[in-house]
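Once you scroll down, you'll see the structures, which are given as structure tokens.
Shared chain: subunit A. Partners: subunit B in the first complex, subunit C in the second.
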Partner chain A sequence: MVSMQTSSGPSDAQHGLVSRRSVLRAALLSSAFIAAPALLAACAPPTTTVATNKIFRVGWKSDIDTLNPLTTVTTEAVEVQSLIYDTLMAYGLDLKPEPSLAASTVAAGATITYTLRDGVTWHDGTAFTSDDVVYTFDLIAKNSLGVNAQYFSDYVSAAAPDAKTVVVTFKRPQAFDPGLVVPIMPKHIWSSQSVDQIQKAANDKPIGTGPFTFKERKQGQSVSVTRNEKWWGDKPAAAGASWTVYTNDDLMAQALKNGEIDIIPQVPPTVFTGLQGETTLTSESLDSFSFHHIGINLSQVPGSKGNPLLLDKGVRQALGYALDRKQIAEIAYAGFASPGGSILTPSLGDFYYEPTGDAVIDNNPEKANALLDAAGYTAKDGDGIRQTKDGKPLAFRIIAISTTSTDVRTAQLFQATAAKVGIKLDFATVDSDTMASTVYNVEAPDWDIFVWGWDSGVNDPCYLLGVPLTSQIGGNNDVFYSNPAYDALYDQQATELDHAKRVAIVMQMQQMFYEDCGYLVAVYIKKLQSYGNAGWANLTAVPGGIIFNFTRDNYLKATPAGS
Partner chain B sequence: MTFDLGAIDGGAVAAPPRRTSNLRLLWRDRLGRTGLILLAISALMAILGPIVFPFDPAQVGANSASILQPPSLTYWLGTDELGRDVFSEFLAGARISLFVGLMATLISTIIGAGVGVISGYFMGPVDGGLMSMTDFFLVVPALPLMIALGAIFGQNLLIIILVIGFLSWPRTARIVRSQTLSLRQRQYVARAKSLGASDFRIIRKNIAPHVMQLIVANTILVVAGCILAEATLSFIGLGDPDRISWGSMLHFAFVSGAIGRGAWWYFLPPGLGILLVVLAFTLVGHAFERIDNPRLRGSA
Partner chain C sequence: MPPLLRRVLVLCASIFAVLTFNFFLFHIIPGDPIRLIARSQRLDPEAVARLRTTYGLDGSLPEQYGKYLSNLAHGDLGYSFSLHENVADIVGRALLNTLILLTVSTLIVVIVGIAIGVFAGSRQGTRSDSTTVVTSLVFWSLPTFWVGMLLVFIFGVWIGGLPISGITTPNAVYGNWFQYISDIGRHLILPTLTLAIVDIAFFVIITRTSLLEVMGEDYMLTARGKGLSRRTMVWKHATRNALLPVVTASVLYISALVAGAIQVEVVFSWPGMGLLMYNSVMARDYPTLEACFLLTSVAVLVANFCADLIYRRLDPRVTVGT
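Then we have the complex of A and B:
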């Protein structure tokens, strides 16, 4: 598995593990609202799709964790749930918000008013009303349930003046509209259960308002959904969708060639080059909002078992100079990545900071050696490993998820280049659960360095910039970076509506974080997706992915090939 | 008053000295000879490999064009997913695979032979206790246990050697015990005992030399098993990621999609390497068994 979307990290201390990307969807929404806290009118484009009997078949490497949107942690599950449930607003193929269950949304001051669409029913035939929305928002906000709870910290109340209107009140004007991310749940099904029951609910027969109804789940193997003939929107051509779990990349690629599946949303680079040559397939290498990085444990809590030498910025910078990012992009990613640097990706346009000249901390062993020599770390006893004055070796542990072969290769390459400047890296691989629980152990993090990634997928800097905030320790902050100056700048840019001024602040933040070397961003990755030409057409290749993106529209707009 | 125990011991090792003729017998055995030649080749590869490496096995490629390249005059066995020379890796892998196999066997043999001799010699409750333990390890499914232990204790060479060694001794213990049981009934043992020889001395002088032959034959077979075990653990990703072994080469070939791409030069050499070395040890081991046990002769 090449990408990290499926790897989980905690969203907040109380709620354990959360999909890294599902969190980030919210950020996209948030940015959209900062830019335009606007009224969005319903404007459905004319439909061209004709309902068929064909199934949209996806192959991936991980099973979904649960069908319960209030406890889900994997992006796979969010992908499936996004077709069963609707949100009030949703992302189109231009990655901009569009009306969904809400025909219109008006944000005024600290309230957001949603006017709901007519004629929406739940999959079981019950009518959808504003009560369902109020119930869902209340449930999440008052019990801090699930990934989306973090967007309800200023929540006061939700009211339903009539069956078609919902008024949500917050303490302060909200940059971010939770209506964009919260799957609306049916009150008539869930309200009879206690919060405890809801948190334990498998929800194995989910009822939503979405374009597809749940069909079947075979744990560890597959999930499938069937077209909802009574859906309020334009009916998708696909009679259903299925997601099948493959344990091996080669088998999955073979299944795609044989036409057993229609699309693979995450193809590893070495497999991808093989698929590119296939004339029966379309293989897209898409820009993404993802990077993979080397994270350095900066925790200073008493229980931290991280190597204290890493708290020396000089050592971290030396590691940065030892890292050969170009080599990693070329070799570990077979060229399907570009050398990294800042915490923001180049796809974020003018927000992206690119260090130049002397500011560059990359592939410069001489500088690494000079830094370490000056700091008194010298190799004395002939093994080539530098030591502190009191004899502690510059030897660190480095971990990566065993099945993420690109991260494993990155670690191997880094190990070799670090050795050249006298830093020893002891490499071990772990499974993804162990990775999450080890790295995010706030009280006693027992690790030194990891290789992992973030998938922003947002066309706004706020999500990725927010990762290393002090307030995100226990949340997304995977290296326990804490810098009050950085935190202050973050708050500044979040309220700065002048683009040029905001860019200036964002640049300053990136530069600051880059120099501190808590992250050594190794590469900006390409999203590699392949689909069979005999399967589905009219698939739009958007940044972030045809599917497995924060828009579900390719599922809805795909048409059978040759039709 | 002292007895000359040496004289008695001398009687104990009355069997004609066969050590030198064993190798000759082995050479005369067609399959044994094949195994011996294969073993010599792998040993040579493991010992001389690092001296004659065409490339540093850790030297990665220059760019994405050097990844998974088919064999060429420069790279005799092509390159892997990091652009490293597969031939150099293959030679380096021989070293680790053989090293782990031999070290684990050493541990396994020491435990197995020790338990077997003590159990067979003392009989009674000692035997009962040790044999229940042996039976336990014999029926425990070794591979899942190795996987579990490997996952718990981490991935370094020493742990892997210990895990494999500690889980592969029961067969040796069983065989050595039955031989010891028969040896301890021999008259010369009773004589040594009546002359006041200590148990330790009897084991050392009268029992051990006679089970040695058996241990050697069995050990050679155990090596094959240990090499396979290392390859298995490494293949499923529990090997030492810092070191190249044939098993880990197969692992990386598998996860990097080399098989789907048809990069045979990457997965075939380590696979054949394992096959041939295991075959070699098995051939030699069985040849030894035939030499040891004349009833088996003529079967090959």
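Then we have the complex of A and C:
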């Protein structure tokens, strides 16, 4: 069995105040791709850029949390670090794996062998060797350090038979190559520090092997990097990149119009509508790998304080029929989201399951009423709220994070449509810490329904499908869904090398989970990005974003506009 | 016990009470920050335990409190949840930026405020006096953030030309120190102007009221009887005495500003204490908030203490310890 080795995080508000999600610039190789021995030839793309003195300037709402790759959890920091540090493998503009520090990779059974690229040096001039890779892998795996530690649960050892080769051994074949996500760190700089020191290190002068060297950070304001003239790859046209924090969306939009910044990777819907009309800007509404959902407490532990009526699949399906996803996409998200359904996002291509015909559980009050009537839940005492035969009302608590206005609006809209079928939802907002400690209280979950989200961050179904696994109760499984048939299918697809067969299993899993209504996936969120036409050209719009995506290639391949 | 020593002891006791309150305030808030940090990372229990230790959240509440006090004694303000760095370093940088804004704006606000206050007070009942008072009251009642946003709109969108965000220009390359300082100076203009528009009025009103009181004193009549010029009377005799309450107000004003002019810093993205506190609240970064609150409380306590001492020196009728 191929163990589940995926990356990603919970999707937070689009407002980017604090990125609660662990936003990993990672992606999965498909099982078929890597479980079989695979050789990726080092083939550098043709040079298309000419080095210029122009800076690639980004504006965003949140500052990076840290420059230390072993403690960071924010998208912003991972974005900056991805230009300073290299990984062994990297994602291209097609979101497919390409060689990076490793010129080639061979996966055979439970080992992965990386042959490293020649002539790579650290930003301080020291030569990069296989010892650096072994050090980095060991450090993360043996100390469970940082967001990438999750890819090392089957890690056994890494060895460097020579300066250009690294052999990594796992307990079993790996569907996911950690080489895609782990920034390789310089042994000569970090090895003198203790784990405790490393965990507290600000790393304010990061040294990597990446295409850009660190220039400066002004906390709360900006970060900037400069082109690494000695980088092993094709030199980017940009002389550097900078990311400036704006506390106000309108100011940031104004700065884009004035040409003070070149691109905004996360434009709020209200501002985006205004920017779409500007002829000097290009505004893209792109598919993302995020959804927001309504989660239903399915815990059956003795301490659970969730309403037991929700364990009735009929009640959950009735809730699903009461939910008007189109209305939520249009009102709560101002149209910048598409109605949800399956646990996988449409951006995952042929893996995505779209229910049709009678299978659709959405915006159908008649069907909700019929289901509830048939099950004997009727409204008796004139308040319009249905009750069980012994008088228990169909009344549930629903919670959402107060600062995530889209979730709050979703809950309110859901409250209104549920009331129409005789289900009462009592809505309360909580802060994010309380949400986490309430929802993830495995022994005694004291909640009924929540609104929250997930962000896959990987171009493979493994991560999102893995959320509701029984083995993830206490981990990512936030609704305590447990279905042995689903779990078995998960293991099957993780080892299925034939793409078509894997797709079929993945479809079956999605269908199963959709029908069980543990999650009511409300919307798939769009990623809204705008850039100035006078700034940079040759930017490729890819699902997940031009920048702020698994791939850093748009930074590297952008050319000055008009050149 | 000498009165001064008693004062110092009271000050220390107050600071201790504040930091104890501060600690418990943030530790009894419901929610588990570690659970949130660990969401989706699939950490093993050992790694979660280490996270708790790193953030000082292991052990019972009294244990954590003991550790907090001992760390504090060593100058360790904790480790930030959101910025993954020692809080002392973060707060140090923010405080420096706030002090730059604070020094410039306080000087302008206090000096201009006193000058206008004396101008109005010495012309009691005239049209210029009533105009000054009404204008001051109007400006004083304006919400600071609104004035800031108005200035951003005027200078950022309409007219342009003045920086509206940050402390320096992003990506700027400086040829020398002068260019660097003048860049900061340009960024200071709008935040300072915002503070000045709203806060000058406070000093105008205080100075004017205090001056009017002094002008009614008998010795002012004597001064007039001696045939002193109006200018000498107002500036040499009245103003100096009228400044006593202004001194107290100034010291307290400075102490309040150590918290950063929160609204101004947020509107103009000025990376000082105010913006840090705002961001920390948004990120629920308790260690940083704890440190910010501690610093601002101590600043107020110490400023009060200093105000007492200064007042006593300026006015010997007031004795410490009475």
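Please note the rule applied: the second predicted complex is superposed on the first by the 438 of 563 C-alpha atoms of A that agree within 3 Å, B and C clash if a C-alpha of one lies under 4 Å from a C-alpha of the other, contacts with A are read in each partner's own complex, and residues count from 1 in each chain.
Here, a residue touches a chain if its C-beta (ideal position, glycine included) is under 8 Å from a C-beta of that chain, and two chains touch if they have at least 3 such contacts.
Predicted model, so just to flag it, every value in this text is computed and none were measured.
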Quiz item: Touch check for A:Ser242: first (subunit B), second (subunit C), both, or neither?
Solution: second
Quiz item: Which partner does A:Asn68 reach: the first (subunit B), the second (subunit C), both, or neither?
Solution: second
Exercise. Check whether A:Ala253 is in contact with subunit B, with subunit C, with both or with neither, and answer first, second, both or neither.
Key: first
Practice problem: With the two complexes superposed on chain A, say which partner A:Pro268 touches: subunit B (first), subunit C (second), both, or neither. | Solution: first
Practice problem: Could you look at A:Glu330 and tell me whether it touches subunit B, subunit C, both or neither (first, second, both, neither)? | Solution: first
Exercise. Identify the partner contact of A:Asp426: answer first if only subunit B is touched, second if only subunit C is, both if each is, neither if none is.
Key: first
Self-check item: First (subunit B), second (subunit C), both or neither touched by A:Ser144
Solution: second
Practice problem: Figure out whether A:Tyr440 sits in contact with subunit B (first) or subunit C (second), or with both, or with neither. | Solution: second
Self-check item: Superposition-derived comparison: subunit B or subunit C, residues of subunit A touched
Solution: C
Quiz item: First (subunit B), second (subunit C), both or neither: which does A:Thr403 touch?
Solution: both
Quiz prompt | Those residues of subunit A which subunit B touches in one complex and subunit C touches in the other | solution = 248, 254, 403
Practice problem: Spell out the residues on subunit A that touch subunit B in their complex, using ranges where they run on. | Solution: 248-250, 253-254, 268, 270-271, 273-274, 327, 330-335, 402-403, 405, 408-409, 412-413, 415-416, 426-429
Quiz item: Which subunit A residues qualify as touching subunit C in the complex?
Solution: 8-10, 17-18, 20-22, 55, 57, 63, 65-66, 68, 71-73, 143-145, 147, 149-150, 153, 196, 199-200, 202, 218-222, 224, 240, 242, 244-248, 251, 254-255, 258, 260, 403, 431-437, 440, 475-476
Practice problem: Would you pull the subunit B residues touching subunit A in the complex into a rising list? | Solution: 58, 60-64, 66-68, 81-83, 154-155, 237, 241-242, 252, 254-261
Quiz item: For subunit C, which residues are in contact with subunit A within the complex?
Solution: 29-33, 35-37, 39-44, 46-47, 50, 54, 79, 82-86, 89-90, 93-94, 152, 156-157, 160, 164-168, 170-171, 266-267, 269, 271, 275-276, 279, 282-284
